[in-house]
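This report concerns only the one structure given below.
Chain nomenclature is as follows: A, B, C and D, assigned in order of appearance, with residue numbering initiated at 1 for each chain independently.
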Amino acid sequence: VSIPLEAAREAVDAALAHAGELGVDAAVTVVDQGGHVVTMSRMDAAAILTVRMSADKAYTSAVTRMPTADWHPLVQPGQSLFGLTSAEAGRIITFGGGLPLEGEAGVVGAIGVAGGSVDQDVAIAEAGRRAWRPAWTGA
Amino acid sequence: VSIPLEAAREAVDAALAHAGELGVDAAVTVVDQGGHVVTMSRMDAAAILTVRMSADKAYTSAVTRMPTADWHPLVQPGQSLFGLTSAEAGRIITFGGGLPLEGEAGVVGAIGVAGGSVDQDVAIAEAGRRAWRPAWTGA
Amino acid sequence: VSIPLEAAREAVDAALAHAGELGVDAAVTVVDQGGHVVTMSRMDAAAILTVRMSADKAYTSAVTRMPTADWHPLVQPGQSLFGLTSAEAGRIITFGGGLPLEGEAGVVGAIGVAGGSVDQDVAIAEAGRRAWRPAWTGA
Amino acid sequence: VSIPLEAAREAVDAALAHAGELGVDAAVTVVDQGGHVVTMSRMDAAAILTVRMSADKAYTSAVTRMPTADWHPLVQPGQSLFGLTSAEAGRIITFGGGLPLEGEAGVVGAIGVAGGSVDQDVAIAEAGRRAWRPAWTGA
């Protein structure tokens, strides 16, 4: 496993805490390098769809090694990757809320957030990623 | 089950009756809080696709706790959630015809309609929702 | 549509009534000749799995034009159709509870029941089929 | 949500602690009444398959309201439910490791464990369920 459960949990908890500050009911998932779930949690009032969306945002970010938001302009009508949104039976999510998690040797996993607006989901994912770094590096 | 079968049937029957008044051949599905079907019926002349579309509209409305129509502007090209239409292998429907059903504690299920134009499907779903409320509350 | 909604509903209601007599919490589905749902209802205390199981029993019976129970001996280890249970991603159900519904020109649909033991499900499906025949033939 | 995140986490943590005592590398998932994930965690050395297996055991237990182990004798060759293992595209798991979680009004969710032998998975799930009860009832 590329991301220890303990570090993944700290990232999820930091993300959930920030969601609470923003008043957003969210689900947060951390996946490993292969896009497989390490840990996920859904807040009590979060909609059911957030489970799958947070997991698929994390998956997309892990298997592409990019923030999900970076794909958004490229998949628009007429753009080079139009149609990518349907790939892998809809598991590829191309709007914000998924961020890669990096270790010394590059991308080792990703975090995905769903439940708020895209901007809120990105902010929550960033809070999770900030908490993960020191846990990983021991700083 | 978050929605009793008897109340769900009254909602479906009211929706089918309104479909008949509008001259629309429709299918109507009621799902519970988790998006699982409680009851569904398809009118004799309704197209086969209406089965799945009514179920998926109800599913989408239950797992997002929103009318399906509310997602429509957000998923257009260039908008923040462009690509959401492909999520969950295409079960997420982002045009009108799905409405949440509310109980005392919030959303307890949803109704989905397919078979007519979007405006007709919305009107039929609203007729179903109106009939469900008194059945649920005992009014 | 090969089965009118009104006749399908009478079959479902008769099946649900018999389930109640047996003290079984069941779901009942009627599908048309193509295996597509005409109507389905789930009793309040029926497990969620009954939704899909009743629909897949009806589907199997419609697309094979046989009672689902008839396949049971043929799919056992060493028998000629061992492995059929996995066909169509698991939609083919090879134990009792699905029965074809016949019209003048042969099989026009099927009824599927889930929620009790196999014997109970078969008995409930038979109750549904008995109610459907007069509705269909006008007897 | 039928199971609060905090209570679900306590169940998962208790299960993971017992897995550690047994020397088993496991994944543990808690789902709500509808089978949708509330929280899941995978231990660092657990195989990737444990993610899906723990989730599907929890799902099976929620949608059938039974321990997954109870289905095991019924699905053997020649038995009444032979073939059930393929239902719902293989999400139905019929050996031990999934247990329903009960509230005042009956089954409100389930816990699923994968990673050890079946006996170990059952023991770990039971440890999780024991921890969840007081959290739920406030005892």
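Quick note on the criterion: a residue touches a chain if its C-beta (ideal position, glycine included) is under 8 Å from a C-beta of that chain, and two chains touch if they have at least 3 such contacts.
Everything numeric in this text was worked out from a predicted model, so none of it was measured.
Undergrad: Determine the centre-to-centre distance between subunit A and subunit B, using the mean Cα coordinates as centres, and give it in whole Å.
TA: Their C-alpha centroids are separated by 30 Å.
Undergrad: Taking each chain's centre as the mean of its CA atoms, how far is subunit A from subunit C in angstrom?
TA: It comes to 42 Å between the two C-alpha centres.
Undergrad: Approximately how many whole Å separate the CA-defined centres of subunit A and subunit D?
TA: 25
Undergrad: On subunit C, where are the residues touching two or more other chains?
TA: 48
Undergrad: Could you draw the chains as nodes, link the ones that touch, and say if you get a line, ring, star, complete or other?
TA: The chain contacts form none of line, ring, star or complete graph.
Undergrad: Write out all the pairs of touching chains, ordered by chain label.
TA: A-B, A-D, B-C, B-D, C-D
Undergrad: Quick check on the complex: what are the subunit D residues that touch subunit B?
TA: Contact set of subunit D toward subunit B: 32-36.
Undergrad: Show which residues of subunit A lie in contact with subunit B when the two form their complex.
TA: Against subunit B, subunit A makes touches at 47-49, 52-53, 56, 72, 75-77, 85-86, 89-90, 92-96, 117-118.
Undergrad: Can you list the subunit D residues touching subunit C in their complex?
TA: Touching subunit C from subunit D are residues 34-35, 60, 62-65, 77-78, 80-90, 92.
Undergrad: In the complex formed with subunit D, which residues of subunit A make contact?
TA: Answer in residue numbers: 1, 4-5, 9, 34, 36-46, 48, 51.
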